[in-house]
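Chain naming follows the written order as A, B, C, D, E, F, G and H, and within any one chain the residues start at number 1.
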Amino acid sequence: MSVAEEFTLDFARSERIGLEEAIFCAGKSPEQIDAILEAARVRGASLLLTRLDPEKRDRLRDAARLDYCPVSRTAVFGEAPRVTGPARVAVVAAGTSDVPVAREALRVLAYGGRAASLFADVGVAGLWRLTTRLEDIRAHPVVIVAAGMDAALPSVVGGLVAGAVIAVPTSVGYGVAAGGRAALEAVLASCAPGITVVNIDNGYGAACAALRLLHAAGRLAEERER
Amino acid sequence: MSVAEEFTLDFARSERIGLEEAIFCAGKSPEQIDAILEAARVRGASLLLTRLDPEKRDRLRDAARLDYCPVSRTAVFGEAPRVTGPARVAVVAAGTSDVPVAREALRVLAYGGRAASLFADVGVAGLWRLTTRLEDIRAHPVVIVAAGMDAALPSVVGGLVAGAVIAVPTSVGYGVAAGGRAALEAVLASCAPGITVVNIDNGYGAACAALRLLHAAGRLAEERER
Amino acid sequence: MSVAEEFTLDFARSERIGLEEAIFCAGKSPEQIDAILEAARVRGASLLLTRLDPEKRDRLRDAARLDYCPVSRTAVFGEAPRVTGPARVAVVAAGTSDVPVAREALRVLAYGGRAASLFADVGVAGLWRLTTRLEDIRAHPVVIVAAGMDAALPSVVGGLVAGAVIAVPTSVGYGVAAGGRAALEAVLASCAPGITVVNIDNGYGAACAALRLLHAAGRLAEERER
Amino acid sequence: MSVAEEFTLDFARSERIGLEEAIFCAGKSPEQIDAILEAARVRGASLLLTRLDPEKRDRLRDAARLDYCPVSRTAVFGEAPRVTGPARVAVVAAGTSDVPVAREALRVLAYGGRAASLFADVGVAGLWRLTTRLEDIRAHPVVIVAAGMDAALPSVVGGLVAGAVIAVPTSVGYGVAAGGRAALEAVLASCAPGITVVNIDNGYGAACAALRLLHAAGRLAEERER
Amino acid sequence: MSVAEEFTLDFARSERIGLEEAIFCAGKSPEQIDAILEAARVRGASLLLTRLDPEKRDRLRDAARLDYCPVSRTAVFGEAPRVTGPARVAVVAAGTSDVPVAREALRVLAYGGRAASLFADVGVAGLWRLTTRLEDIRAHPVVIVAAGMDAALPSVVGGLVAGAVIAVPTSVGYGVAAGGRAALEAVLASCAPGITVVNIDNGYGAACAALRLLHAAGRLAEERER
Amino acid sequence: MSVAEEFTLDFARSERIGLEEAIFCAGKSPEQIDAILEAARVRGASLLLTRLDPEKRDRLRDAARLDYCPVSRTAVFGEAPRVTGPARVAVVAAGTSDVPVAREALRVLAYGGRAASLFADVGVAGLWRLTTRLEDIRAHPVVIVAAGMDAALPSVVGGLVAGAVIAVPTSVGYGVAAGGRAALEAVLASCAPGITVVNIDNGYGAACAALRLLHAAGRLAEERER
Amino acid sequence: MSVAEEFTLDFARSERIGLEEAIFCAGKSPEQIDAILEAARVRGASLLLTRLDPEKRDRLRDAARLDYCPVSRTAVFGEAPRVTGPARVAVVAAGTSDVPVAREALRVLAYGGRAASLFADVGVAGLWRLTTRLEDIRAHPVVIVAAGMDAALPSVVGGLVAGAVIAVPTSVGYGVAAGGRAALEAVLASCAPGITVVNIDNGYGAACAALRLLHAAGRLAEERER
Amino acid sequence: MSVAEEFTLDFARSERIGLEEAIFCAGKSPEQIDAILEAARVRGASLLLTRLDPEKRDRLRDAARLDYCPVSRTAVFGEAPRVTGPARVAVVAAGTSDVPVAREALRVLAYGGRAASLFADVGVAGLWRLTTRLEDIRAHPVVIVAAGMDAALPSVVGGLVAGAVIAVPTSVGYGVAAGGRAALEAVLASCAPGITVVNIDNGYGAACAALRLLHAAGRLAEERER
């Protein structure tokens, strides 16, 4: 029984779909993660790690070599790309409790080389918090909105901005809101047209979707220039 | 086997809790409803009927004596009370499809002798539709908001008005919104504090809650005057 | 990455909707709560904190300056308003296990300056416990009822009192009752007309709804006096 | 492909468990039911049929030979047993809409040779309707309670009577009550101890449970007499 | 804020419904339980405690005075009634993991003064385990069956014995079986007629139902003797 | 807009996985099915059609050329393979209402060229119906069991036979059993080891699984012979 | 009671968010739709109608003036924009039964002035159907994938193309797949990174999301050119 | 109260259904497991233990005598059978996090005397990982596929291999994927025909199903040889 036969890294992913391989650490043992990092090291590759709890991080052999963020539970192993250009993605968090998910998105965007801006605690219970920052948000062609509880914010944002809107329902809340199903269904059922959705608490996925979109936009721009 | 033993009208309800007996017609046979109406007639009492489908109405013996509204599927048997005073309740419908539920609330309020105002199709996908009518809505101390799909409107209203807010989730929508669970959970999980909720499509219940509230307010006002 | 950009306090809330800003502490880190308290202190504002677990409280910088209640997990930072006038709200707990939710409602009402009365362990399994206290409960125009398991009490109360009834389903119970869904659905489906509902275990929301209602009643009384 | 190979009647059931074979007609084709009745006829056996819709009844070859009740959708084929002795089972229906389920229970009890009494429309929204009939209900050692919506009645009854209580949740209601899940969970989570439950709308099962119970009581009485 | 106002013991319960007051300890604080025990002590009453975890037991002031069973998490405070007569109730556990629920039922029956027999690990995966003990089980007019996972045992038992069958679904299992919903629905949907059901893991409720039933049987026997 | 671009038949399927292409007709329009049949005709291929309602069948251009079975709602277009050899698959139906699903499996097996035997109405409520036919069932190395409601039969069969057991939960039943979820979860949670499961009402899938298995057995036999 | 007060058209939507107002016809009465069309006519505006069943279409006053597509149940009232440029959006349908949803997306894209290509029946059960068309699909920077049942196709596509991927789960299927929840959850849980999701059967929403994305890409291209 | 009466080992199982008795340790106390092991020791029997957490293992009296695997949480007590012959079962794990479930299947197969091969981390997000190993997988007539999240892999495998496919959904994932329901429903709804399914995380059950299948194949081969 060997750990080495338990994983197959997809180093061709970036070339194929424009997104780097990333390691989802929940459900993996420290031994498995150690072996994966070693495989990346041998190859001279960088790796992004998500859902790495502080306790598991502490049990890794090379914890010290990780650039770790406890709020978003993400880590970068090896060299991270340089972030360049103006911020094209706005990451909006409805409440303070949604910030960890927003930070995960920001970290993944940075690992993808893209600048982004955070707008936090602008939920609809106090609409003025959104409207005073609306022009700033609108300046970004892509908007990620993380919201839990009733997740009303993505609908309001979707009715006010013309860019691409990616909603991330979060598991913030209790009672019917616990676990994030209520938020998920609210954004899927949004009355504002053209909002897209990713899994609950999936800041990583929202950022990947934004990276795909910027990639597509780049292709369209190139075609147009030709 | 006799229909007469199948119901027991609660004519004391009004005295006890300030709300008239009403007949929920879904699940009752035309024979049962006929017998109930006859019992009311004998006693000289009026009755409110809810959830009376047009097909079932047509099968009643005394259909012609009902004041029937097909949009809200409500009917009044006998004398209805006179509506007096200024409108104290705003009934807000997020979309045009939510109007039947809103109309049910309006009919029940009227049967309770209370004036009310309708504000329709002011959902958050086009927020200007709400903001241009906000001052009018605020003029009503009690606000009923009927909304389906993501039901973001009650949260936005709850963050903007100081009065009592009663949300009625509706079954408008499809996919995750079908049946109204997504709307129900959104309003229960609302980030706006102090919003109360009734069952899906329950315009009747929302109106009764408003009547209870106006009744309580009346008592408080009387105490204050003393 | 700075905590300061992660929150935006809504100090205008009170003026806008008659309810003070409150901090939902579940899902917020001690660092975030500390920063929020500091922002309130700088401004000279009071704050209500909800869902503050004892463990998290102990990790706050200024734990000692909080007026903390471990049963309801609420805390008041700074000056609390004086409670005046007779009790207008009855807070009824079906069982002893529902008391924490009821206490949360009582604390929020007190923070809103309103007197209230507690009636505990009057569930329907022993109906005499309710009936012997019914006249006392009826003396309050607003009744909050916290109940878990089958949540039959709000329906019984709703059939006996004429005032406004706000039901708070609780997560007390196991099996089908675990988490409070069964209680929630029971109160939403209540056969007693005009009962309103808030989220599971949401004593805070029930109290806010009562405050909105008393505010609305005040406006109606003022109009009547004119 | 022959219909004859599609069923195997359990004529030994009565001897084994004290309950007669019964035919659940939903999901069976008229051809299948015809063949089953023919098999019973050949053997000279009686049969109870449940969930037989009027439309399907009309498509049976021997419809005229059935003693059919459209309210409960039950039919008796052949000789039914004589009902003897005083009523030992009270069948209580919370609302008028719950009567079909109650009637199914009454029919099955009669087919089992047991007398029973109906108490209809005594739900908790008007508690006086129950209390005025309580002594009558208490006179029956076994009480079946059919209730939909919030199904609060079985809990109240369970707290007031000492006999065996069998709750039948019904699918009466809409929104969260539609389908009867809310009622089912309410009775399972009942705060009144010792209430037992059968499937939604299962008046047949409740009656069978009562028959089992009376059978067990008979055995106990015999032992005592010895 | 006083613990004394948080409970109202129902000492009249036994007289009213034939079942003693019992204290559901989950969700109650040690302070609350201490106060309840003190109230019983003052009155000279006994009490049954259910769902008392060992950790909470250890935090009680009078832990030493309880007759505590860690398997069933039940405790008896004060004098317990003497168990008399032959065993009339069979308590059947489908698997070894279902034994704690079965033991809870046995303890409650003993507290009610009734003898009972345990039959454990007789699930349908090895049907011979049931059939070799079937005659013994049949000798009891009342049969409680605790089963988790697919809960097929109550259906098989229900098809083989003529007595009253009370099924207790348990939370034993994982995946779709976790929490006991699959078991609950299986027994509610049982193809064997007349099986009754209580809440998941509710050994207490099953025993109370058996006590009610024995009580009803006693009444019937008395009538017969007259 | 052309129907021709709406389908791509997978005629290579048989070679790839040993199962013929089949057409799932629910959700396809008569126009689409007509075009598919025409494409098969042109190629000289046979086709199996599943979930073809009689109404839709009647709307097909070539309805007369189909070998149609209304009980199982299957049709064969073109030449069907000859069924050869002894029956290796037992198809067991718990109740008469489960026969349509069993018949679908039988038809698909026949289309796959495999003989099979039907055992109907042998559910556990009358266990003797199973035990008297057990040896016959055991003679088949592969056993498909279709069962609705509590689906206890597959567990009992799985504990008694050594062959491969494929359970098909059916949607037969009402209340918690409606739609087949309860049956599905019961078989997934079966206490009998090694039972496999297919989707609700999926007689087609169960038969395909049996065909895969017989195919695998053939390969193993060939290897052994070598 | 007037229909005119029941809707408020959002003609400013296009300017605000780049998407035209569209009328969701499910839940609206023919009278309401007639009034809405009249309002558009008066203003000289075009309108897109979605979820317009043929039966409801036939009941409209101006049915003849609609450009109606019965497969997608969409209609265009008034002048539709001209579609220009090469196809930038690939609309992929996993099965033939998913075509109506795909056609809705195509119609909405055309109404938005964007060309698009359909790729139908390329589900993973026969992977060659996808791989032979993969290069064609990859030529489109935006890919919409409609899939029901297990919805495995979006994950496979997401692992093979670099563009933006918008998954539309469909309600195609039965048993656990009925209603589309299984498909929805599969795409939300996709192992392929960066896939975004819209509501079940929401071809309209997927197309709107694509339009937002193309709009964002246009802005980015303009910035780059500057 | 004795532990000995709490279990009944099924040593006849192997003879009856070809599978050895196994002990499911979750939900059993260390005392119960100790007693079971002792009973096996007395009889000279071996036992397989599943779901034995390391903590519980450490609390067993004879922990040292177990052959324990912490990854799969399985243990063998006593002599295990010798594994013979070539690998006939492929165990495929979609991701590294699914390996514990795959290892459980491998351990159970080995305990059944059957060789098997592991193929790990070949999920569809990087399809090349599967295709490069496809021929190896195809060489096994039985394929077990463990997959969490969207569980798309079993559908893809099912469309590519002709052997028997047994899918094990796993609880790997978060949000909608947490607990494994999304994976379960995806494999049940698979568009690839003839895939069978076991409970979530049930590597044990998948292996038992494979053993049943190999047993059936053996019988068929023997018949053929005759």
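Following the convention adopted for this analysis, a contact is a pair of C-beta atoms (placed from the backbone, for glycine too) under 8 Å apart; a residue touches a chain by one contact, two chains touch by 3 or more.
Here the structure is a predicted model, which means the values were calculated and not measured.
Annotation of chain D and chain G: jointly contacted by B, F, touch as defined at the top. Taking the definition of touch as given, a chain qualifies here only if it contacts chain B and chain H alike; those chains are A, G.
Remark: among chain pairs F-H and B-D, F-H carries the greater number of C-beta contacts.
Chain A and chain E, compared by their mean Cα positions, are separated by 50 Å.
Chain C and chain E have centres, each the mean of its CA atoms, that are 35 Å apart. Annotation for chain E: residues 16, 95, 125-126, 158-160, 175-177, 181, 184, 188-189, 192-193, 199-200 touch two or more other chains. This structure has the following touching chain pairs: A-B, A-C, A-G, A-H, B-C, B-D, B-G, C-D, C-E, D-E, D-F, E-F, E-H, F-G, F-H, G-H.
Of all residues in chain E, those touching chain D in their complex are 16-19, 22, 88, 141-142, 158-166, 184, 188-189, 192-200, 204-205, 207-221, 224-225. Within the complex, the chain B residues that touch chain A are 94-95, 123-127, 149-152, 155-156, 158-160, 173, 175-177, 181-193.
Those residues of chain C lying in contact with chain E across their complex are 69, 71, 93, 95-97, 99, 103, 118, 120-122, 125-126, 128-129, 148, 172, 174-178.
Residues 1, 5-8, 10, 12-13, 16, 24, 26-29, 32, 36, 51, 169, 171, 179-181, 184, 199-202 of chain H are the ones touching chain E in the complex.
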